[in-house]
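Chain lettering (A, B, C and D) follows the sequence in which the chains are written, and residue indices restart at 1 in each chain.
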Amino acid sequence: MKTAKSNSKTNDLFARLIRGDWSVFKKSRSDAFDGHEVLDLGSIGEALLSRRGEASGTMLAQRLLDNFEQSTPEAQLEFFLKLVKKFAADTEKLQNAIDRYQGTPSGEALLRLHNAAEPRRQELIRRLNYSSGGTHRLIKMREVLLGFVGDHPEFASVDADFLHLFMSWFNPGFLEMRPMDWSTPANILERLIKYEAVHAIQDWDDLRNRLDPVDRRCFGFFHPQLAEEPLIFVEVALSTDVPTSIQKVLHPERAPIPANQATTAVFYSISNTQKGLAGVPFGSFLLKHVIEHLQREIPNLDTFVTLSPVPGFARWLAHERANSQSEFLTEEIRESLNMLDVAGWHANKKKAETVRIALLDSARAYFLRAKTSRGAAVDPVARFHLRNGAELHQLSFLGDVSEKGLKQSHGLMVNYLYRLSDIERNHEAFVERREIIASKAVTGK
Amino acid sequence: MKTAKSNSKTNDLFARLIRGDWSVFKKSRSDAFDGHEVLDLGSIGEALLSRRGEASGTMLAQRLLDNFEQSTPEAQLEFFLKLVKKFAADTEKLQNAIDRYQGTPSGEALLRLHNAAEPRRQELIRRLNYSSGGTHRLIKMREVLLGFVGDHPEFASVDADFLHLFMSWFNPGFLEMRPMDWSTPANILERLIKYEAVHAIQDWDDLRNRLDPVDRRCFGFFHPQLAEEPLIFVEVALSTDVPTSIQKVLHPERAPIPANQATTAVFYSISNTQKGLAGVPFGSFLLKHVIEHLQREIPNLDTFVTLSPVPGFARWLAHERANSQSEFLTEEIRESLNMLDVAGWHANKKKAETVRIALLDSARAYFLRAKTSRGAAVDPVARFHLRNGAELHQLSFLGDVSEKGLKQSHGLMVNYLYRLSDIERNHEAFVERREIIASKAVTGK
Amino acid sequence: MKTAKSNSKTNDLFARLIRGDWSVFKKSRSDAFDGHEVLDLGSIGEALLSRRGEASGTMLAQRLLDNFEQSTPEAQLEFFLKLVKKFAADTEKLQNAIDRYQGTPSGEALLRLHNAAEPRRQELIRRLNYSSGGTHRLIKMREVLLGFVGDHPEFASVDADFLHLFMSWFNPGFLEMRPMDWSTPANILERLIKYEAVHAIQDWDDLRNRLDPVDRRCFGFFHPQLAEEPLIFVEVALSTDVPTSIQKVLHPERAPIPANQATTAVFYSISNTQKGLAGVPFGSFLLKHVIEHLQREIPNLDTFVTLSPVPGFARWLAHERANSQSEFLTEEIRESLNMLDVAGWHANKKKAETVRIALLDSARAYFLRAKTSRGAAVDPVARFHLRNGAELHQLSFLGDVSEKGLKQSHGLMVNYLYRLSDIERNHEAFVERREIIASKAVTGK
Amino acid sequence: MKTAKSNSKTNDLFARLIRGDWSVFKKSRSDAFDGHEVLDLGSIGEALLSRRGEASGTMLAQRLLDNFEQSTPEAQLEFFLKLVKKFAADTEKLQNAIDRYQGTPSGEALLRLHNAAEPRRQELIRRLNYSSGGTHRLIKMREVLLGFVGDHPEFASVDADFLHLFMSWFNPGFLEMRPMDWSTPANILERLIKYEAVHAIQDWDDLRNRLDPVDRRCFGFFHPQLAEEPLIFVEVALSTDVPTSIQKVLHPERAPIPANQATTAVFYSISNTQKGLAGVPFGSFLLKHVIEHLQREIPNLDTFVTLSPVPGFARWLAHERANSQSEFLTEEIRESLNMLDVAGWHANKKKAETVRIALLDSARAYFLRAKTSRGAAVDPVARFHLRNGAELHQLSFLGDVSEKGLKQSHGLMVNYLYRLSDIERNHEAFVERREIIASKAVTGK
């Protein structure tokens, strides 16, 4: 809205809008969006932020989202570019606010500065949320945006605004933890099948097998505006010991145990569902809520533990084996690890035994000694649980002999233990001193 | 946390916390809070913002809110002072961000500046919201804060942070409009009695009279976190004409009409309930939702109109009568208005007739010509509805002969008309050009 | 439908019905029902039982109920007379079935006999239940019927049919026990005010006082077809001892105790709500469900006891005092009881003490020795609780000093104790051997 | 309870029960039931009907049902035999009632006779219903009973008692019609897969295909006591014409139409689910409720029609073809029908055409002229819909080319039309005069 030209164009649109002439907005996908419509998408945004937005906000928001969703990727890209350029902070106003603050750094001046530094697109996003279903549609819009960010680093600031608002809107205080079971509506359950990210759910029988037996639980976080979409969910097996094999946990023929005989709750899968909410932390809060819930429901439980994949292990190990200078592998270990290259090694008891010790030794190095260039733990799942205050509790050789399990970690699985009395101390040791908290069984000390 | 001393004190608290020594927080009101506890309130805040907050956020948030609510007003004041001084933006970091932005005003530099300018208390408030019931408790905390603001103008910036977050959290997209009627839970209905701000509800019989008849409706906005608290509600009478007297509308003996015979929906009362949400706009959205809902429910309706009080009229008129230079009152009108000083004038038909024309003429001046020092319409209710795009439709002499009605407006009531096709145009005329949109019946033109 | 004439009349009605000519049924009350319409009411009944009823059952049922409810008492009486005469069992068919059974008393012959002996009105009532809201309307119809039974003993058989079906339909297995509290819908709560039969609820404040405090509970039985009508409800006070005064239990200023500190649940009021369900037993089942529920909710509870009125005591005592031959009153007791005739005796400590022992002695006689002509306990509340297996636990002098309490029992109240391990034995002693189970405190042995 | 011996045995059991000695009832299946336990099953029944049943009814009912379900078929048979012999009417009491009625056939005598003729097992069944989940368990008990009835005609009278009570309990006035769709809980939806009796549902994808598209609907009747079990359900396709092929209706790739474009609702499958409710009519009521519901939901609909199988046709035709004297088949038709014996005839256009006319002619004879020995229509589905007042509307050659369709009816399907204005007349013509109401397209007249 800086040049006379765009102003007049926009004003003309407004005039038509006010007359109720909605033909300025294209509706159907068949009217493929050209340059003209791209202008429109931005223009609706301007209208929404203007005084007209006060009177017709919901309708304008609806319209912008409809148009965005029907646009071609090119038109969507144009729209995001507009968000970068035209919906940033007003630079003149910001400079004034800086000057004023530098003059007198009062609370009022600071407030004014903070407001002036807020990109206009934040308010635009807030207003888009007026429309019915707006929250979910904004999540989908950010998903589209994230697809462009790789090629368009300038979109990072737009993404930051989405994230800022989503962090506020998806504050844990607004989420509801809900158990899901076989009496949950089918349209929600099918999302579990769709989104399960760790151990794929084959079909409805497999799903039922994870929900219906008396020793199984599943919990998700829901936001009131996305009533049918769990944002994240965790699958739980009740057990009498700490399991070491996912195939045993999920065995379709296993005999369920009565819940009140269980002593151990095993979190064997935790999945986020909304790409557009990347960066909003749910996992840690969900686990804590679930532990609290289970303690109340089944007072007998005394152990809360995961059965987790080790997604980065095979890649890391390949890299170390290729590196003759690796500090992590002795010659002897290298020798034994060669067995990994023999197809079907894991299904042959003798071959498997050959590799066991070397693999577990390598795993110890991977977890306890290896670091990223920034000095962090290499394994992303480890980082998540250690940050949450869990302890690396046990390494399980051939814990996951599925194709995926063999590929990503040569079958290795691990347990992270949530010992409630230690969580805060562990968390602090990890985030403050980068200590990897691990049991004696793992450290060997 | 700038000085070593406070750091060490705080660290000591942390140490005890980590050891599980919760006695550092006082719980019961009987341990009246002294200087020491005031420190604690701030210290919990620091803990909540620190890395410990990640592990124990919910519990710390709970504790801070418990302590705050049990504190003396003095201790609460101290806490707010701390929010001003210790939980503002980090000035050093902010200066760096300003310098960087002045150097290169990139998107990234702007983002950093915006973040640096955000007071730390915003994140504190977000984390307080983690605790169960946190949203409602934060609203109550702001209510306390607003009680101090008059004497403490420095709290305005703290209040701005509350408001900023509440605007985001109470975005209309997160609110649910719910009809309320005689089958609504009693604990919600009693809030209608408590919060009704326009025409007081005498008792449960009066309440039933406003909810249960087939030609009455009531709607409220609810937030998922405050399931039992309507944030705002509007009471509606279905009618066959535009009413001019609230006593007739609420007459306990009137005969209800079948809903499908009604042509007119009358909004005769609209009340906000949460002082702590002052400044978050709900009314305009609620009215629009309600109109939409009623159009679907009762297709016969063609008129949506208020029956509204004129809260500022009597005061304004007294002022003008006292001002012999008033541009609004002729000598003749002044003469007639003297009858207002005769007790019981309104109940005497003849006396009332004497004053009618003069009062309506004065009312016309009040609505159409009088302005505040800033040039706005004098009447706050008029400002609300005109800004929403309604039209000042009709003046009703002796529309409210209750004590309150006579006192605030000599019995005058008015109707604002929401004509859907004109809303956007009216809104714009009012906000852009300060035009008072009124019917010919009012303007007399 | 025995004579050709009525048949032809009826057939004519059917013909019109089939043509969709519903004018044969009068709808509005203003068309007051005369002899002709009475015929109609019976005729709809015949249509409903006929083959036409299969196709149009719901509509015919609706119509009959509408007409019945709009009829004058005279027309309703006519309808019940018709139920007696025209909708009894088919006597010819019944005689055949008897003959056949006398011939060969096979299972099949018995079944045929049972069916033939079933009055046709049972099926009529079942079909009336097809219509929406039919169950509640049939209850109301029986309420009307019960109003006539005194003057029309021949209606007893019609009433027996209603009761037979209601016993089946309101089988405890179909009822749902629901807690009611301050978050219960207002339209249900107002029924508590309306139906409370023991200690009248003054207003909504009184109601709230009985529901909302943490040491109060209320439970009702609901039938799925009467979702807003509790069939029976009981009010419960949680306490640390067995109370002796209803005024103390209901004192508006008393301090509530935390539920988990309570050891005693006091049932201080139990009320049936539907006159039309007289004779269907709910109370015993409700009490047992409530005790089970409370045991789960508050494991600390170890005593379940009533605080009950003694509705028949004053009348009985007056009768005995008037009878100079009474076996229950000694001369000394008679003397002391004279104080009862002094107005305000109960409010005067000294006077009250004078009468205490004599009154309690008389009460002992009333409960333990007095019998009805059939040999049963005199007090109806006693019969109810003793039959349920409770024990007469304690007599409370001046337990209810309300006007009603003084009038019906000179202020006497009693506690019945439900000791779970004894219920079956007590019940059996009472129903089989007419033993009055009472504590030593009562029997004095 | 007739002989001293059984009485004393029973009394002994009671004594133990009263002492709380529940060991008299065996609990686990492993204690296989022998003669002794069979006695127990009957004895619990006696206890339940006795005075003890008043105090401990729910518990005794629970126990009897537990024991019954864990019993061997032999023990269950014994129990049913006991119901025949020991829980029939009391013959002495019955004879007295007959005598009294023969003496004076008053209303009271009739009532007494009816009561005396009611088998004691009716009250037993009512009391079994006290226990939680009792209704569903009694349905299952009758299912077991029905399995014995073939070999034990004497059980017919026991079955009649179950049916008598179920007819009363499952009165349409107590049922709730509920839409089911893709948001229905999975545990209910899996029952649709299990119980679909007409066109088998292959898997969850097939199910979703029948529920989720905008032009599909599904409705069921539910009883409040069986919240997760639809008693009957009907699947509906919305369409713009009357369909003739089930494969087209269910085609997984068809394009759904918007509901408001549909003019025709097609009931293409209706299934009962509870064998134990055989004989309780639901179908007719459900269809009428569904039609009413759809009329309100989609005012555009003007045609309500089935697409129905012809389950008896192939069998009937084989019989007629084998009968050289058949009055229904001409020589020419016989000739053409020979093609039916050629494998794969239906898939070959030319072969199919050869048989078309002959098959449709035979179908006309099957529907319009053939009768059972009792003079009824041969086809059971036809009997159901004609009795409901529908019209046989259209014959569809090769309407169902599934294996089942070819086997039972050589692929024939038919439509029954529910024309609302004709339902009552059609129903009456069918039930009173055995007229087969059919369209001209079918009758050819």
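Methods note: a residue touches a chain if its C-beta (ideal position, glycine included) is under 8 Å from a C-beta of that chain, and two chains touch if they have at least 3 such contacts.
All of these numbers come straight from a predicted model, not from anything done at the bench.
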**Request:** Compute the rotation angle for the C-alpha superposition of subunit A onto subunit D, expressed as a multiple of 5 degrees.
**Result:** 180
**Complete:** Distance in whole angstrom between the CA centres of subunit B and subunit C is 50
**Asked** If you average the CA atoms of subunit B and of subunit D, how many Å lie between those two points?
**Response** 60
**Message:** If a residue has to touch 2 or more other chains to count, which residues of subunit A qualify?
**Reply:** none
**Request:** Name the shape of the chain contact graph, picking from line, ring, star, complete and other.
**Result:** ring
**Residues of subunit D touching subunit A in the complex** = 182-189, 203-204, 208, 228
**Request:** Over in the complex, which subunit A residues touch subunit B? Could you list them?
**Result:** 17-18, 20, 51-52, 54-58, 84, 88-89, 91, 94, 98, 101-102, 105, 107-108, 110-111, 113-114, 117-119, 126, 129-132, 134-135, 154, 156-157, 160, 165, 167-169, 171-174, 176, 224-225, 284-285, 288, 387-389, 421, 423-425, 427-428, 431-432
